[in-house]
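Same chain, two partners: subunit A is paired with subunit B first, then with subunit C.
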Partner chain A sequence: MTSEQQYIDLYRECREQICAHSTDVLNAVRDEAFNSFERLGFPSRKVERYKYTTIDKLFEPNYGLNINRLEVPVDPYKAFRCDVPNLSTSLYFIVNDQFRQSLQPKENLPEGIEVTSLAEYAKAHPEFVAQHYARLAKSDEDGITALNTMLAQDGLLVHVKRNVVVDKTVQVINILRSDVAMMVNRRVLIVMEEGANAKFLFCDHAADDQQFLTTQVIEAYVGANASLDLYCMEETHYKNTRISNVYVEQQRDSRFNHNVITLHNGVTRNRLDVQLKGEGAECWCNGCVIADKTQHVDNNTLIDHQVSHCTSHELYKYVLNDKATGAFAGRVLVRHGAQHTVSEEVNQNLCATKTARMYTQPMLEIYADDVKCSHGSTVGQLNDAALFYMRQRGISEKEAKLLLEFAFINEVIDKIQLEPLRDRLHYLVEKRFRGELSKCEGCKLCK
Partner chain B sequence: MLEVKNLHATIAGKEILRGINLTINDGEIHAIMGPNGSGKSTLSAVLTGNPLYEVTAGEAWFNGKNILEMKPEDRAHEGLFLSFQYPVEIPGVSMTNFLKAAVNEKRKYQGQPELKAGDFLKLMNEKRKVVELDSKFTRRSVNEGFSGGEKKRNEIFQMAMLEPKLAILDETDSGLDVDAMRIVADGVNKMHTPETSAIVITHYERLLDMIKPDVVHVLYKGRIVKTAGPELAKEIEQRGYDWIKAELEEE
Partner chain C sequence: METKDTKNAYVRQVAEQKYEYGFTTDVHTDIIEKGLNEDVVRLISSKKGEPDWMLEFRLQAFRHWQTMKEPKWGHVHVPDIDYQAISYYADPLAKKNENKEIDPELMKTFDKLGIPLEERLALSGVAVDAIMDSVSVKTTFSQHLAEKGIIFCSIGDAIKNHPDLVREYLGSVVPYRDNFFAALNSAVFSDGSFVYIPKGVRCPMELSSYFRINARNTGQFERTLIIADDDAYVSYLEGCTAPMRDENQLHAAIVEIIVKDNAEVKYSTVQNWYPGDENGKGGVLNLVTKRGDLRGVNSKLSWTQVETGSAITWKYPSCVLRGDGSQAEFYSVAVTNNYQEADTGTKMIHMGKNTKSTIISKGISAGHSQNSYRGLVRATSNADNARNYSSCDSLLLGSDCGAHTFPYMDIHNDTAIVEHEATTSKISEDQLFYCNQRGIPTEQAVGLIVNGYAKDVLNKLPMEFAVEAQKLLSVSLEGTVG
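So, the complex of A and B:
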C-alpha cells in the first residue's frame, strides 16, 4: 500500500464525519480536493518544487486524526503564562487545529478586527469566507494543499476591516497536544482589507513528546495600501514534521513583511508563494534557520511579479551543524509587462561541520526588459582568519565560533520590525547556539 | 620574557623559518627588519599559534612556559599580543561584545571575576582615548568598514584593553600617515613599562624614531642574520639590505 492509499481510504470511510464536524464552506471544496489528491498523490522528488524533501515517507506512519473534534484537555492559559512585559501582545491559542476563544478582554484589540475560529466565522459569514477560502491555495497544483483542503476542519480566521490599524501584535500560539502519534491539518485565512494594518506572530510548539505531523495552509489577502507583518516561528522537537504552504496575494501599494524562523524542529518544509498583483506592492521575505543533529529544513519560495513597479526582497540564512540538511529554492518570476520591477534575492549558508549539507537554488526568470533584479547564494564555512584573530585576543575557539555564527544569523533577525520580538530572538538564538534550547519547553517567547 | 631557540616552521610544506634564535628580556623593545618574504610575519604567527603554520623544530619559552604547546587563546591569556598586519573584519560582531568576551575570558583564566558592565564601559572609554578613537566606533562591527588607519589604531586600542606582557607589532606602521603613526607610537610608548616588552616588525626607520628599540635584528631567509643597536636601522634606511646580503655571501 502506498502512503497515499491510507489517506484515500480514510477520506472515503470518514467523509461524512469530517463534514459533519466542519462547515459548508469548507466542505464545499473537499471532494474536489480529494480528486486532486487521488490524482497527484504526495509530491515525489521529481516534482521540481519538492526535489529536496522526500514527502511520502513522512506520511507513512499511522497517525491519529481527531476527526470527531473531541476537546483536547489542556488549559493553554495555565500552561503558557506570558510574563514578558515588553512583548505585549494579544494572545490566542490554537490547540492542534482548535481555536481557543481568548479569555482576554476584548478591548485589547480595536473594533474592526476579528481573530476567531475559521469554522465558526464561516458559519456566520459563509459568503465572505467562500469568496476567499481555497482560492489562492489551489488543490490541483500541490498534493499537500490538496490533502490539507480535503481533511481540514477548522483553524484560524483573521479579518481586518478597511483602514483599521491594529497597533498591538496578535500572537497566535499553535500547540500540538496528544497522547498518541497525531496528524493535524490546520487552515488559516487572513483577509486584510484596503488600508488595514496589522502584525502577527505565529509560534509553533509541541507540548508532548509524541510524533506529530502538521500540514498547514495559510492564505493571506493583502488589500490595496494594506500592510501585513507575518512572523512564523517554529520551536518544536525532532519527532515533529511540519509542512506549511503559505499563499499571499498583494494588491496595489500593499506591504507584506514575512519572516520564517526555524529554531528547533524535526523535518520542516515551508512553501511560500507571493503574488504581486497590484502596482507599487512591496514584500520582504526573510528566513532564518538554525539546525543540527539530523534536522531538515526546506524553504521553497516563489515571488510572482505580475505587474509593474513592484519590489521584492528576500534574505534567507542557514546555520547547519552536525548532520543537518538545509535546502533553499527561491524562484523570482518577472512576467511580461512587469516593468520597473526591483527584486533582490540572497541566500547565505554556513555549514559549520563537514557532514552538514546545504542545497541552494536561487532562480530568476525575467520576461520584462526594464527591471533591476539580483540573486545570489553562498555556502561557506566559518572564516579561519576571523577565528584566529579572535583566539589571539583570548576568546576560546568555542566562543569564537559561537560569536561568528550568531553574527551571521543576526542579519536576518535584525530585519524584524517588532523590536521586542527582535530582542527576544537575539536572546533565544544565543541560547540555541549554546545548546540550551535542546527541546521545546513551551513558548520560550513567553517564559 | 621570551626565549626562542632554533625555531623552524613550515606552511603547506614549505619551510619559512630556518632556525630562529632570539632572546628578549623584560622591558626591552626589539625591532625586526628584513626584506619582503624573509619570514617576519611568519615568526609572529608562529609565536601566537596560528594553526596555518607547523613548527617542525625548536623551542619557544615565554616567562618560563613552553608556549608552542599552548592554544592561541591561552598564549593570549599569558600575555602575548599580536597587532595584525592585516586586521580581520568580523561583520556582525560589535567591538563591545568582542572586547567584553576577550577581557572576561582573560580574567577567568587568571581566576578573577567578570567585569561588571559599567566597569567594562568605563575601561573601554578610558583606553580608547589612548589612540583617539571616538565613542561611536565601539558600537560598530570589528574592523568592518574601518579605514586603514582606524584598523591599526584599533589594534593598539585592543592592546591597551588587554595589557599584554609582550606585544608583537607586525607592520603596524605600514599604510599610516605621519599623524596616525604618531598616535600609534604614542599609544605604544604610554603602555611601555620596565615589565613589558615589544617586538616591532617594520620596513621603515621612521617608526623606530618614535618607538625607540633597544636591539635591531635583520631577518633574512628565515634566519636572524644581523643583530645590533638602533644605529642598524638608520644604516638600513640609507643603504638598503644589499650590503647585508653581500656580507652573507662573502661568508
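So, the complex of A and C:
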C-alpha cells in the first residue's frame, strides 16, 4: 500500500465525520483538495521543490488523527510556561490543531484585532473567511497543501482591521500533546488590512515523547501599507516531523518580516512563498538552523516579484553537526516588467563534522532587465586563524569553537526586531550550542 | 533620450544582419534513409567498417535509448524532435574512392570558414580535424604529430587503427546510460576526433576540430575522445558552424576526456552553430554531453567555452575530480539573442583529496532570449579539503529577455570550502554615461563594456580563438541596445 492510499481511504471513510466537526467554509474546498491529492500524491524527490526531503516515507507510519475533535486533557496555562519572558506578549495556545480560548483579558489587545479559532470565526463571518481561505494555498500545486486542506478542521485566525497597530507581540504556542503517535493538520489564516501593523511569534513545542507529524499551512494577506512580522521558532524533539507551507501575499508598500528558527527537531521542511503584488512592497526572510544528531532541516523559499519597485532580502544560516542534513533552496523570480527590483539572497553554512550534509541551491530567475539581484552561498568551516587566535589567548578549543559558531549564527538573530526575543534567542542559542537545551525552560510537562 | 525610432533602427539593423556562416555547400553527399532502428545502427557501423565489439556497443546503447525519455528539466523549450525524420549518416566524401582527391568544393568550404585544410596555408601551430556532417574530411599534421607518438585522427580511424585504446576508454567517462542524448549518440555517433598524448609528451601545437553540418535533415552526432597520459599536456580547440535552414537541426555530441597523473588538458570551444532567424525559426539544437575524468594525481583540466550560436543549448561540460590534488576550471561566456535559449553550466564532482575547482560563468542575454546557468558542485565524504569558487554573473540587455541562475551545492564533507556568488544586472547607466561623455556612442560603449565583462573568460582562450570570440561577441550583440 502506498503511503498516499491510507489517507485517500481515510478521507473516503471519514469524510462525513471530518465535515461534521468543522464548518461549511472549510468543508467547501475539501473535496476539491481531495481530488488534487489523489492526483498529485505526495511529492517525490523528482519534484524540484522537494528534491531534498523524502516526503512519502514520513507519512508511512500509522498516525492517529483527532477527527472527532476530542478535547485533549491539558491545561496549557498550568502545564506549560514556555513563553519568552519580558516580551509582555498576549499569549495564545493551540493544542495540536485546536485553538484554546485565551484566559488572558482581551483588553491586552487593542480594538480591531481578532485572534481566535478559525472554525469559530468562519461560522460567524463565513463570507470573510471564504474570501481568503485556500486562495493563496492552492491545492492543485502541492500535495501537502492538498492533504492539509482536505483534513484541516480548525486552526488559528488573525484579523487585524484597517490602521490598527498592535504594539504587543502576539505569541501563539503550538503544543503537540498525545499519548499515541499523532498527526496534526494545522491551519492558520492571517489577514492584515490596509495600514495594519502586528507582530507574531509562533513557537512549536512537543509536550510528549511521541512521534508527531504536523502539516501546517499558513496563509497571510498583507494589505497596502500594512506590516507583518512573523517569527516561527521550532523547539521540539527528534521524533517530530513538521511540514509547513507558508503563503504570503503583499500589497503596495507593505512590509513582511519572516524569521524561522529551528533549534530542535526531527525532520522539518519549511516552504515559504511570498508574492510581491503591489509596488514598493518589501520583505525580509531570515532563517537560522542549528542541527545535530540526525536532524533534517529543509528550507525552501520562493520570492515572486510580480511588479516593479519591490525589494526582497533573504539570509539563511545553518550550523550542522553529527549526521545532520541541511538543505536550502531559494528561488527569486522576477517577472517580466518587474523593473527596479532589488533582491539579495545569502545562504551560509557551517559543516562541523564529516558526516553532516548540506545541500544549497540559491536560484535567480529574471525576466526584467533593470534589476539588481544577487545571491551568494558558502559552505565551509570555522576560520583556523580565528580559532588559533583564541586558543593563543587561553580559550579552550571547545569554547573557541562555540564562540565562533555563536558569532556566525548571531547575524540572523540580530536581524530580529523584537529586542526581548532577540535577547532570549541569544540565550537559547548559546545554551543550544552548549548542548544544555534539550527541553524547554520552565516547562512542567517535559521532564 | 533615444527615441523609439532610433530603437527600431537598431532592431532593423540586427534583423538585416546575416549569419556569416549560413551558406551551404553543393557537394555530392551520400545520405542514408531517414529513420532510426537497429538496422540503421548496423548500417552506420558497417559503412564505417567497424569491428563487432563496436557494433555491440552501439546496439546496447540503442536498446537502452529506446527505454528512455527525453529530459524535460532544462529551462529551455526543446521543440518535439521526430527521431524518425532525421537521417543519421551523411557522407560528403562518398566519391572519394573513385578519386583520391578531396572534392575541391569541400576544400573551398573550409577555406571560406577560415579553416584551410592545406598544411602550408594553415596557421602555424594548429592541427585541424575537419568534420563535415558524419565524416572527417581531413586531419592535418597527423604525420608530424605521430613522430612524437601523439595520435590525432578521426575516431573512425582510431577504432580501426588503435582499437585497444578506444575500447579501453570509450564510454568510460560518459557511459551510454548517462542520459537520453548520450545514449542516442552512443548508438549512432559518426565522426569526431581522437587524441592520445603519450606519457611525458607536451603537444607542440594546438589541436583543433572543426564541425560543420551541411546536409539537410541530418543530425550531427560527433564523438570526441581525448586521453592525456601521465605528465602530458594538450590544448584542444573546437569550432562549429551550420547553414541557415528553417527547420531545426539536431546536434547531440559526446566529448570524453581522460587526464592521468600530472597531465593537463585545456579544452576550448567557440560554439557558433546557426542560432535561427530573428523570429526564432530554425537553428541548431545543441544537446551535448561533455565530461572530463581527472583520474590522475595533480591532473588538471580546463574547459573554456564561448557560446554564441544554437537555437537551444543544453550543455554542461563537467569534471570528475577523482585524483588527489586535481584541479578543474570552467570558464564560460554564453550570449543569447533573439529567441535563443541556453541552459548551460558545469558540474564539479570532488572525489579526491585536496581538489580544487573554479567556475566563472558570464551570461549575456538580449532580445527575447533566455539564458540560464545551471551548475553542480559536489564534495563527497572522501573529498577532504575540497575547494570550490563559483561566480556567475548575468547581464541583461533589453526588457524582454531572461537571465537565470540555478546553482546546486551538495556538500558531504566538513573540510570542504565552497563559495558561490552571482549577480544579475543591466549595464550600469554610470558606465554608459562615462563613455558617452568621452564621445563614445552608446552602441560602441556597450560593446566595450561587454567585452570588459567577458574578459575574465576570453583571456583564458588561446590567442587565435580569443580574437574570433571577441569579434563574435560584438557581432552577436550588435543592435541590442536602444
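Note that the second predicted complex is superposed on the first by the 433 of 447 C-alpha atoms of A that agree within 3 Å, B and C clash if a C-alpha of one lies under 4 Å from a C-alpha of the other, contacts with A are read in each partner's own complex, and residues count from 1 in each chain.
Heads up, the rule we're going with is that a contact is a pair of C-beta atoms (placed from the backbone, for glycine too) under 8 Å apart; a residue touches a chain by one contact, two chains touch by 3 or more.
Worth saying up front: this structure is predicted, and the values here are computed from it rather than measured.
In this superposed model built on subunit A, subunit B and subunit C occupy separate space and fit side by side. In the superposition on chain A, contact is made by A:I395 with subunit B only, not with subunit C. Contacts of A:D179 after superposition: neither subunit B nor subunit C is touched.
Partner contacting the larger number of subunit A residues, of subunit B and subunit C: C. Residue contacts after overlaying the shared chain place A:E71 against neither subunit B nor subunit C. By the touch criterion defined above, A:D369 reaches subunit C but does not reach subunit B. Of the two partner chains, subunit C is the only one touched by A:G380; subunit B is not.
Looking at the shared chain after the overlay, A:L404 reaches subunit B, while subunit C stays out of its contact range.
Between the Cα centres of subunit B and subunit C, as seen from that of subunit A, there is an angle of 70°, stated in steps of 10. Contacts of A:Y359 after superposition on the shared chain: subunit C is touched, whereas subunit B is not.
Closest contact between subunit B and subunit C, by C-alpha atoms in the overlaid model: 13 Å. Looking at the complex, you find that subunit B touches subunit A at residues 48-52, 71-73, 75-77, 81-82, 84, 87-93, 97-99, 101-103, 105-106, 109, 141, 158, 162.
Put simply, subunit A touches subunit B in their complex at residues 383-386, 388-397, 399, 403-404, 406-408, 410-411.
Those residues of subunit A lying in contact with subunit C across their complex are 48, 336-337, 339, 349, 351-381.
By the touch rule above, subunit C contacts subunit A in their complex via residues 73, 75, 381, 394, 396-426.
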